[in-house]
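Sharing a structure with you now.
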Amino acid sequence: MASTNPFLKGSPSLSNVGAFCHAMATDLFPVCRSISGPGVRQTLGYLKERVPQLQVHAVPSGTKVFDWTVPQEWSVRDAYIEDGQGNRIVDFRENNLHVIGYSTAIDAMMDLEELQDHLHSLPDQPDAIPYITSYYSKRWGFCLTDHQRKSLKAGNYRVFIDTELKDGVLNYGEIVVPGQVSKEVFISTYICHPSMANNELSGPVVATAIACWLNSLKDRYYTYRLVFIPETIGSLIYTSSNLDHMKKHIVAGFNLTCIGDERNYSYLPSRAGDTLSDRVVQYVMRNIDENYRTYSWLDRGSDERQYCAPGIDLPIASIMRTKYGEYPEYHTSLDDLTLVTPNGLAGGFDVVRKSIEILESNIKPIIKTLGEPHLSKHGLYPSLSTKETASKVRNMMNLITYSDGNDDLLAIAQKINVPFMELVPIVQKLVKAKVMDTTR
Amino acid sequence: MASTNPFLKGSPSLSNVGAFCHAMATDLFPVCRSISGPGVRQTLGYLKERVPQLQVHAVPSGTKVFDWTVPQEWSVRDAYIEDGQGNRIVDFRENNLHVIGYSTAIDAMMDLEELQDHLHSLPDQPDAIPYITSYYSKRWGFCLTDHQRKSLKAGNYRVFIDTELKDGVLNYGEIVVPGQVSKEVFISTYICHPSMANNELSGPVVATAIACWLNSLKDRYYTYRLVFIPETIGSLIYTSSNLDHMKKHIVAGFNLTCIGDERNYSYLPSRAGDTLSDRVVQYVMRNIDENYRTYSWLDRGSDERQYCAPGIDLPIASIMRTKYGEYPEYHTSLDDLTLVTPNGLAGGFDVVRKSIEILESNIKPIIKTLGEPHLSKHGLYPSLSTKETASKVRNMMNLITYSDGNDDLLAIAQKINVPFMELVPIVQKLVKAKVMDTTR
Amino acid sequence: MASTNPFLKGSPSLSNVGAFCHAMATDLFPVCRSISGPGVRQTLGYLKERVPQLQVHAVPSGTKVFDWTVPQEWSVRDAYIEDGQGNRIVDFRENNLHVIGYSTAIDAMMDLEELQDHLHSLPDQPDAIPYITSYYSKRWGFCLTDHQRKSLKAGNYRVFIDTELKDGVLNYGEIVVPGQVSKEVFISTYICHPSMANNELSGPVVATAIACWLNSLKDRYYTYRLVFIPETIGSLIYTSSNLDHMKKHIVAGFNLTCIGDERNYSYLPSRAGDTLSDRVVQYVMRNIDENYRTYSWLDRGSDERQYCAPGIDLPIASIMRTKYGEYPEYHTSLDDLTLVTPNGLAGGFDVVRKSIEILESNIKPIIKTLGEPHLSKHGLYPSLSTKETASKVRNMMNLITYSDGNDDLLAIAQKINVPFMELVPIVQKLVKAKVMDTTR
């Protein structure tokens, strides 16, 4: 599957995929994203330049989605706090985390005591601006560092938030990369977070690089579907609109989040815990980093919550570097582009790419002969039988003995303790010798 | 389920249930019980005063019961050994263990050598009178301490046993406490042992207290059936007469024996080992005493032998404090009311009560929404989303994610590591919000 | 099942079975066996003298066998290397390992350099002649010790191999010892190896002793089928001709190889791993030597490869002393009759015999009564009930409680931790008392 330049014109080679991803993240970092609004459209438009087949969908405010309702569309024009001297001491234009997500508008004077009820900071992380939202309950507020908050003096302040909350649409992006069959591998990531890098620009840029790479491949067995959605409401919208199709077609899927730092590799299973997705991700991670962290379904907190909910039950596992909630910069202004690096993103990309490569090759081998095939007749076995003969063809013989149609190649690789990719050419030889069939 | 005075008029409160049980045991201790006869009727009559709905059944001698036959009815008027000087040196009136259970009558003179063949004592426990029976083979004999036996001098003795073995009836008691449904929780204990306290007055008195408590409850989901039977022949009689009903209705059951001392908590599984009864008892015991002892089915020795026999296969597990055969006083006169204490009985009562409370609340929750419900809409989730939001509703979210209709609440409590009783009000909130159904 | 002289006239007693086997091995050691040819016929003829019902089958060269073809028949009249002085320095008549199995004929002069391409020795074992074959590719060659090879001086040598490879037959032997039922226990061993003792004369001589012992038994439940075949091609021929019969009739089977040394006891499972054969062999070995070695299916290398191949899937496990490939003498001239001893062979025989004894007695017991049977009524339980009563009949009670028709006697023996053979008379007593049935 390797090729010297597998990517489409204008796309990165595998060797600079980290830089490609990091450059996208750098461009998109300042955009004020939320679960709806112009920042989302700007982000999807940017990604569509890299993957032209990306389609942008729009769902009207008020649409019923299972137990939920699509909220109104939100946009921010400006937001600041001015002190008595007219100085902007907190300014949305400096950092879009300063205003609560979905904050209502306000233009008022108030003293510090009244203002305090609308301020959010983190005493334990005095240099960090927290990330706060209030999508489904109307309120206004500002986020700031605790240092800044503590420096505020008694007096009057002007609070100005020029936001708009109106009936509009919620947008999300979808890329389909067709394959030989309509069975799908599903990849999901979210585009609702403003200026934070690991959670969450890493997922969208790695997913975009994966789409570029998939486009560059000559031949794909599976169809690939990648969705760029707002968290929670987006996965609810997508599954509510496509559940029958998803249940029928998805053979494996991955939720990509916090996939760009260099600290760990982390895996969070599907609710079922033993799906094909789970088996593949665990296999790949163990081979990349034997100290990768496995979380439990009880540790979940991203869109796997919806994809694996009772009655939905899709085979979707989460691929991460350092898990959300497990690193100190999480959900603050400290989650920035120093935490997320080209190397970190390239490592996340590799887990996804290798998982896909295994899925593509993961046939079920079926030996066609009763008894062992006469390998030397097919040129696959030494004709001279000595003490050492058996060990030379051990992997091939072990593959054959488990090719009874019950196990896929990944299961056999683990049973016989041989790297998956070493088995692929052996299968090809046996198929060519007409002693093996494959199925899915 | 708690209430300030849950018991019926004249019954104890939960806080003095141990004293209530111990007082009953004290009253009943001197009665000469066996598998049939007046002592059994006297005992059942006494218990009926506490639980008026107790019904006394009578099965005629000679009735065929599976591979067994109901033996004749036995009664003792008097029994003693007199020495040459006319002194009663062994006297049934002093301790009813002195005569072998179902001993035939005799009135004869004999020398010590001949007498020895009919004496039973315990060289290793020289102060204990052993408990010996011979229900199905005719013989006569006395039990005495080894000290007393060794003090017997050569000479002639008069042995006098005035027992009667005649066609009559075998009695047992049955209490039904009706519930909303005809599905039953079954509790069994035995009333065939003469003056011994842990094995066996503890079971009957704790079962009686449980019946009082059940009667005091306003509402019960299950019907409760408590039987007070002679060991072995009683459980055979009961199952042979009621097997179809039992197999159809019993959802869980407990055999209560040796449930009144303060040493251990002990659990002996059903033959299947993984029934609802087993799961509940283990859960309750682990929470009361993490060092509780688990025995194997191979250690069985009480009526679970019949209830779980091949072809009967009821889901009945045994609840004990210190298991029969595992304490030195077992089956001797040392098993008395100093070994069995109010605290010990209260502890045994608690295991049964808590097991019942779990059974009553052990519904299967089923989440009605696809995807997670919109909890904040239902007032069940903070509307402001911060770093800590998830942990505040963690238990509710974990309950929801496993509410797929496959697991009962007990299984979910164990999967998500939350005390069962903490989940009950959460289920109630979700049901009230109309996002959850429950089934059994 | 024991008897003072269980063997047929002319056969050994159990106490000298090792000597009986070793004597056969000594007689057969010099014969030049291969997968076909006169050595095989001579060997089968010798064994038929001990077990007259042995039938010799012949399969024509060129017969198609699954993916294989029966090779031509091979015979050696003479083979040697002469040095320049006319001395026979390597001589087939001294050791039939000196010529490659299925070597083609040659009569030529050549210098040492050219000769070297046709010589095989073992630098790590300079005193051993290696065992080399080339059944399916035409070549000629000699095997010799590395010491001898290194002593060869430059110069001309005459190489003379007078072999014949012609259309003929491949022979194998088959013994059927009939039983009450047509269900079969299958035993396989191979007769294609020339002068090596553990691998492989131990298997044929132990299988022959087993046939003698089976013939000596008055009554057998199962039919026994023992095959003496060339390795690989023989098991392929046998299964291709008899697959339907085998799949329908074989309840258990054992492949005997390397079963005559004194070092270890070793077990290699069937591919399925949990068949009746696997359970029996593991049980017997654990009881003979708790340090017996268990190999994995990945360690396989004998005819279990064919018997357990996908689509064949017979319940056949391998019984060995020290496994092929695991001892230094393996596949060399050092695998001789000092390595294989009467004691070693007797130990191998014992594993097979005890496995068969268990299979013969391994009924499924079914208790006929509901509830426990009234054992004292049947004279099987003490009529006097004391503290110790239960322990005296513990094994019988434990057997009864698991006699629900789900478990065979071997499973019950393991559940209740009682030696299998101690349960057999208990079953007989219960059957006699008409409270137990048995099935298979």
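Each chain carries a letter (A, B and C) given by its place in the written order, and its residues are counted from 1.
Quick note on the criterion: contacts are C-beta pairs under 8 Å (C-beta built on N, C-alpha and C of every residue); 3 or more make two chains touch, one makes a residue touch a chain.
Here the structure is a predicted model, which means the values were calculated and not measured.
Report the topology of the inter-chain touch graph, choosing from line, ring, star, complete and other.
Contact map by chain: complete.
Given a C-alpha superposition of subunit A onto subunit B, how large is the rotation in degrees, taken in steps of 5?
Result for this pair is 120 degrees.
Could you classify the subunit B-subunit C contact as same or different, where same means more than half of all interface residue numbers appear on both copies?
Mostly different residues: under half of the interface numbers shared.
With chain centres taken as the means of their Cα atoms, state the distance from subunit B to subunit C in Å.
Computed value for the inter-centroid distance: 57 Å.
Residues of subunit C that touch two or more other chains: which are they?
none
Residue numbers of subunit B touching subunit A in their complex, please.
Within the complex, subunit B contacts subunit A at residues 366-367, 369-374, 376-377, 383-387, 390, 397-398, 401-405, 416-417, 435.
Subunit C touches which residues of subunit B in the complex?
Going through subunit B, the ones touching subunit C are 65-69, 120, 122, 130-137, 139, 232, 235-236, 239-240, 243, 271, 297-298, 300-301, 305-306, 308-312, 325, 330-332.
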